[in-house]
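What follows is a set of structures for review.
Consider the two complexes below, in which subunit A is the common component and subunit B and subunit C are the respective partners.
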Partner chain A sequence: MQHGKYRFIVGFLAAPLALYALFVIWPFIQSIYYSFTDWTGLSPDFRMTGFDNYARMLDDDVFWKSLQHSLLFALLLPLVTLGLALFFAFMLNVGGRRRRGAAIAGVRGSSFYKIAYFFPQVLSIAIVALLFQFAYNPNDGAINGALKAVGLDGVQPEWLGDPGLALWCVMAVLVWSTVGFFVVLFSAGMASIPKDFYEAALLDGAGRFTTFFRITLPLLWDTVQSGWVYMGILALGAESFAVVQIMTVGPGGPDYSTTVLPLYVYQAAFRDGQAGYATTIGVALLVVTLAFAAVVMRVGRRERLEF
Partner chain B sequence: MGSTSAHNNEGLGRRDLIKRSAALGLISVPTMSFLSACASGDSGSDEKVEKGKKTATNPLAVNESAPLEVVIFDGGFGTKYAEDASAVYKKNFPNATVKFSKTQKIQSVLQPRFNGGNPPDLIDNSGAQQMDMGVLVGKNQLADLTPLLDAPSIDDPNKKVRDTLRPGIVEMGQFDGQPVWILYYAYTVYGVWYSQTALEKLDATYPETWDEMLALCEKAKKKGIAGWTYAGKYPYYLPFSLYPFIAKIGGREVLDAIDNLEPNAWKHPAVKAAFEAYYELYKKGYILKGTPGIDHIQSQTAWTQGKALFIPNGSWVENEAAKTTPADFKMAVSAPSSLDASDKMPFGTIWASGGEPFIVPAKAKNVQGGMEQLRIMLSEASSKNFTDSVKSLTALNGGTDGLTLTAGLQAGVDALKKAGDNVVNPRLQDWYVKLQKEQIGVAGLGEMMAGRLTPAEAIKKIQGFADAAAKDPNIKHYKHQ
Partner chain C sequence: MKTTDTPTADTTPAENRPSVAKAPGAAAARGKSGEGQVLNVFSHGILIIWAFMVVLPLIWAVMTSFKTDAGIFNSPWALPDRLHFENWSRAWTEAHMSDYFLNTIVVVGGSLVGTLLFGSMAAYVLARFEFPGNRFIYYLFIGGMSFPVMLALVPLFYVLNNISLLNTLHGLVLVYIAYSLPFTVFFLTAFFRTLPTSVAEAALIDGASHTRTFFQVMLPMAKPGLISVGIFNFLGQWNQYMLPTVLNTDPDKKVLSQGLVELAVSQGYKGDWSGLFAGLVMAMLPVLVVYFIFQRQVQAGLTAGALK
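Take a look at the complex of A and B:
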C-alpha cells in the first residue's frame, strides 16, 4: 500500500517544518542580516554597514578574551564533568565488592549516592549560582569559613574577586551542578551492557581498571560522545552565561577574567545599545558551536560495536 | 539487546539521537541573538492623542481624557512615591485612565516597545538594566522637556519649573546643547560615608586632611577595624569619593577634561596624586580584607556591622542598608579629605547630582501627559512625600522644611550646605556607561585597589580605555558646555 504515502508524510511534516522555519531558521537569517547593520536595538531605524561589525570584532580585545574563555569552557568542562561522571557511574554500578554471588554490583549505598549526585540537577542554575556566590564570599562565605575551621587561616583567597581564580570558581560550579545528570545517564547506559561480558571478564581475572577500559568505556562510547556534545553546548551557551552573569556580576569578573561569548552578546545588546554588533558576536558564537559539534563528531567516530 | 547504531527501519538509534541533540543544542545557543532580533523593523504608528485646552491649571495643554501610561523602575526607592503622584494626576484629570506599572528590567521590558514605536508616556529609566541614554538621544527617541521646564510650577504659578530645581539638574538632562532630554528626579549626595558613633568610639572626628585620615586608619587598624571598604565587585563605587577628591586637588577642569575624553586627561598630576593616596590605603592594609570579592550589599553590611569605618557611596545607602544598620549608627557623609595645602578647591568639595532619570519618549502617545505627571512630581507635596518615604532628596530645591530628617539625610543636606558652589558633577557615568563602570571601574580602579596594578599602571590602562572610547565611532561623544 504505497498509495498516497508521500502526501500523507508531507501532510504531517508541513506544520512542524513551517514552525521550525518560522521560529528557528528565520531568526537565524535575521540575526545574520542584522550583523551587517548598525542597529541599536532601541530604535527601528538602522542602515547597512557591510563588514564593519566583523572588522570591529576581530579588533576587539574583549571579544578575543570571551572567545578564549568560551573555548576553554567547551574543552575543559566536558572533559572534567564526563570524566568524573564516568568514574562515579562506574563505581555506582560496577565498582563495588561482589556480594551474594552477583557478578557486578555498585559500592555500598549506591542508590543513595545516585540521588545525592542528581540532586543539584533539580535546582535552577540561577539558584545554584546564587548559593555559590555566597559560599565564595571571602569574608563570611562557607568556603573560607571551612578553611579557617581546619586551621588554614592564612589561606583566604578572594575567589571571585581574584582574576586568577574567578574563572576556575565558575567552572567548578558548573561541574558541580551538571555531573549528576551524566552519572544518571551513564548509569542507564551501563545497565544496558550485558552482564555476561562482566562475568567473562571476571573469569579471566580482570580487575576494575581493565574492566572499565576494556568493556565499559567502549560499549558506552556513543553515550559519552553525545554527552560531550551536550555538555560542550551547555558550556558554550546558556549555562555559562547564567553562572558568569550571576556570580561574577559586573562586566564578567575582575579585569574581564570570566567574560564569555554569550555574556558579551548580552552586554552589547542590552547595555551598550549595539544590537547590530551583538548579533555579529552571536554569529561568531554560532560558528564556534557548529565547529565544536563537527569536531567532536569527527574525532569521536569509532567502529560500531554490536552486542 | 539493541544496537549502538540505527539499522534501516529500526527507529531511532543512539547516533541519530546525538545528531538531534546536537541540533537542539545549536538552536538554543544563539538565543540571545534572535531574542534581540525579534521586534525590529516595525515602524510603528505615530498616533498621538490630541492636545487639550491650555489653561492656567493645565499649562501643558494635556488632553483631559487621554490615557497615561507610566513605567517605573522598582529599585532602592520602591515605586510608592510615583504611585502617589499618579493618584494626583488621576484626581486632576478624572476622565483619564492611568496605567501604572513597575519593573526591575527596564530594558528588556521597554526595548521592544521602543523598537515597535509604542513606548509608554513616562519612564523612570534607572537600575542595572537602564537603557543607554546616549543611544536614545542619538536616535531621536526622546521628547524635549523644555515645555515642562518653562511651564509654571504647581506651588507658585509665577515661577517656572526650571527655577525651582536644584543646581545642575537641567544641565544634566542635556546632551550637547539646548534640548533637555532627561529629568533627574532624585538628588544624590556622593562622598565618604561613615558612622559618627564609630568615630566617637575611636575618639575621632572626620579627618579633614589625608594625614589625619591615615592616622585614623592606623588607630582603627590597631583595634582590628579596617579603615575602608568598598563594593569590590563593582569598584565603580570608588569614584563617588575619588572624583571629587581629584577635583579638589586639581580643580574642576581636570574632571571636565576627563569627561570630554581629552587626550592625556588622566595623566594630570592631580589624578596621580589621588590614585596614589588611595593606593596607600591598600598598601598600608587599611582596606577591609576580602573587599575585592564582595558586592555592594556585602560591603555595606560589613560597614554597618562596624568592620570598616569609611565607604564611598551615594545617599541611597541609608535606605538600602537600613535593615542592617544598628539604631545607634548615626550615619553621616562627608566630602573627601584634603590632600595638602596646595589643593585647588576647599574642603567640602563634593559630588552631588541627579539620580532616577525620567524620560518621556518622543513616540509616546501622550507626551503632554507624561510631562504633566513630572510637573506634579516636582511639586512640594510630592517631593516631600518622596523625601519622607525613601530618605532621599529630590530635584526640587528645598522642600525639606517641616520634615524630620534621618541622620544620613541630614548629613547630606549639611554637606551640600557646606559645599555651597563647590559641587562637582562628573558625567562619565551617564555619558559613557561602559567606560566608567567596566573599564575605569573594574579593569582599572578595581585592579589597583586589589593591589594588582600600581597607580601608574592603572592610569596608563585607563587612559588607553579613554582614548579608545574617544576614537570609537560607535559611541556618541559629548562635551561639557
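Take a look at the complex of A and C:
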C-alpha cells in the first residue's frame, strides 16, 4: 500500500503549492525586501537604502493619519458591529414572549429576520459602497431626501464631503453590511446553549439582562472573540480599502480625513510611483494586523466553558 | 400576537414568581405576561427597524433604476413615473455591463473549479498522509489567512508583469485560486479528517490507485464540505474588488464590481445616473437570486466558513 505514496503526495501537492508559493508567499517575502529599497516600481533599478523608508514613514503625517484611522476601524467597528449583532441575536432567540412551559422563546419570524439581516453580506463591498455613495449625496441623495421629507430641511449635512463626518459615514456602511453575518453566527451559537441553563437561571430569579450577561455571553465568548479578530482583520484590510477608495473623494477623503493604511499602500505604489515606500507601509500594516490579533486573543482569554 | 394570555401567570407560578418581585412598576402589577408583552413589542419594534434599514437601500436602488435622471435628482424618494426599462438596456449594451458579466463569469468559473480541485487535492494529502514537512506545509497554507493581502499586491503586480499575466483573465484566475487556497485548505483538511478511513482503505485493497481512490471515493464523500467551501469562495470571488483593481486595468477585461466603480467615476462627467443604477441593480441580482433560493446553505456555508 505504500507503493507510490510519495509520488502521489508530490503529484497532488505540486500544483497547489507552486501557485501558492508564486503568487502569495514569494510576493510577501519580496515586499519585506523591497521595503528596504528606494524602488519606484516604474523602472527595474533600485538600491538598498537600509531603514530610510522606515525613518521617512515615522515622519509622514499621512501615514500617522492612516494608522490612526485604521486603528479606529479595528477597535470601534468590531465593538459596534458585534455589540449590535449580540443584541439582535439575543432578541431573536431569547427576546420572544414565553410560551407555556418554555423557559425561553425566540421572537416569531426569527428566520425571516435572519434572512433579511444577512443579505448585505452577499453583496460585493464595492457595490455596497457605490450604493451608499449615492445615498449620501448631499443634494439629491436618499438620506438627505428622507430628512427633507420628514421636515428636517435645515439638517442637510454634506456627509462624505464633511471632513468631520466622512469617516463615520464610511464606518456606518461597514456596520450596515456586516451586522447580519454576526447575527446569524451568534444565533447559531445561542441555539446550541442547553435550555436547562436558562430554566435554572429563571428559577433563580434572573431577569433577561442577568441571563444575557451571566449565561449567554460567557458561553458564546469563543465565538465573539474569533468574530472580533475576523472583523478587525477585515477592517484593517480589503473592506476598508474598498469603502474608502470608492466612497470618499480625492486622496482618501477631504484633507486625508478618511484615508486608511491599505489605501495609502495602494496610492504610494500605484499613484505616486513609490513601490519601495509602499511596501514599508505594508509592513507596518502587517505588524498592526498581527499585533491586533495577538492582543485580542490575549485580552479575551478566559477559562474555556464546556457545555 | 395574541393579547389574551394573562392566565399564564396563574398556571405556571414557579416560573413567574421571581421576576414579579423584581419587575418594576406596571409590569410587576400585571404579572409576567405583561412584561413579556412589552418586551415582545419592544423586540419586534427594534428588529423591524433594523430590517427596514437593511432592506430600504435595496428597494431604493431598484426604484431608482427605473427612473429618469431628472426624477432621480428632483425627488429621490418618489416612485418612478413609469418603468423606464430603457435604463436597463442602455446599461447592458452601452455601459458594457454585458462584457463585465461575461468576464466575471469566466474568471469566477475558472477560479472556482481550480480552487476546489487544488484545494481538495492539497487538503486530502495533508489530512491523510504522514510525511516529513506535512505540518510545515499545512501551516504555510493557513498562515496566509491572517496576512493583509495589500502588502503582497505591490510585488505581485510585478510578478504577474514579468510572466506576462498582467491584465489577462487567466492571470486573474490563477491569482484568485492562490489567494483562496489558505482558507479552502484549512477548511477541507479539517473536513477530510472527519471522513471514515475504512472506505478508502477498502478501495486501496481492491487495487485502486491513490489517485483513483481520491477522485472516485473520497471526493464524492466530501461533497457537503465542497459545497460549503464552494459557496464561500463563489461569493468571495464574485465580489472581489481589490485584486482586479490592482492587477487588471485593461478596460476590456474588467470584472463587474470594478467595471461599475469605473463607470460611476466616469459618469461624473457623462451623467447617466439612471443607467448606472440599472447596472448596479443588475450586478446585484444574480447573487441575490442565489441567496434567496439557497439562503440556508449560504448562511451555513459562510458562517461555518468564517470562523471554524
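By our rule, the second predicted complex is superposed on the first by the 278 of 307 C-alpha atoms of A that agree within 3 Å, B and C clash if a C-alpha of one lies under 4 Å from a C-alpha of the other, contacts with A are read in each partner's own complex, and residues count from 1 in each chain.
Following the convention adopted for this analysis, a residue touches a chain if its C-beta (ideal position, glycine included) is under 8 Å from a C-beta of that chain, and two chains touch if they have at least 3 such contacts.
All of these numbers come straight from a predicted model, not from anything done at the bench.
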item	value
Which of subunit B and subunit C A:D255 touches, first, second, both or neither	first
Partner chain(s) touched by A:Q30 [first = subunit B, second = subunit C, both, neither]	both
Partner chain(s) touched by A:F73 [first = subunit B, second = subunit C, both, neither]	neither
Larger contact residue set on subunit A - subunit B or subunit C	C
Partner chain in contact with A:Q156 - subunit B first, subunit C second, else both or neither	first
First, second, both or neither for A:A293, with subunit B first and subunit C second	both
Touching partner for A:A269 - first (subunit B), second (subunit C), both, neither	both
Which superposed partner A:L131 touches (first subunit B, second subunit C, both, neither)	second
Partner chain in contact with A:A278 - subunit B first, subunit C second, else both or neither	both
Which superposed partner A:T223 touches (first subunit B, second subunit C, both, neither)	both
Subunit B and subunit C footprints on subunit A, overlapping residues	24, 27-28, 30-31, 34, 41, 139, 223, 226, 230, 233, 236-238, 241, 262, 265-266, 269-270, 275, 278-279, 282-283, 285-286, 289-290, 293
Contact footprint of subunit A on subunit B as seen in their complex	1-5, 14-15, 17-19, 21-22, 25-34, 36-38, 40-44, 107-108, 111, 114-117, 129, 131-132, 134-136, 138-141, 232-234, 288-295, 298, 302, 307, 433-434, 437-438, 441-443, 446-447, 450, 452, 474
Partner subunit A, residues of subunit C touching it in the complex	1, 5, 8, 11-12, 14-15, 18-19, 21-23, 32-33, 36-37, 39-40, 42-44, 46-47, 50-51, 53-55, 57-58, 60-61, 64, 72-77, 118-119, 121-122, 124-125, 129, 131, 137, 140-141, 144, 146-159, 174-175, 177-179, 181-182, 185, 204-205, 209-211, 214, 235, 238-242, 245-246, 256-258, 260-261, 264, 273, 277, 280, 283-284, 287-288, 290-292, 295, 298-299, 302-303, 306-307
Subunit C contact footprint on subunit A (complex, rising order)	1, 4-6, 8-9, 11-13, 15-17, 19-20, 22-28, 30-31, 34, 41, 84, 88, 91-92, 95-98, 100-101, 103, 107-108, 113-127, 129-135, 139-142, 145-146, 149, 176, 179-181, 184-185, 188, 202-208, 223, 226-227, 230, 233, 236-238, 241-242, 245-246, 261-262, 265-266, 269-270, 275, 278-279, 282-283, 285-286, 289-290, 293
In the complex with subunit B, residue positions of subunit A that touch it	24, 27-28, 30-31, 34, 38-46, 56, 136-139, 144, 156, 158-163, 192, 194, 219, 221-223, 225-226, 229-230, 233-234, 236-238, 241, 248-251, 254-256, 262, 265-266, 269-275, 277-279, 281-283, 285-286, 289-290, 293, 297, 304-307
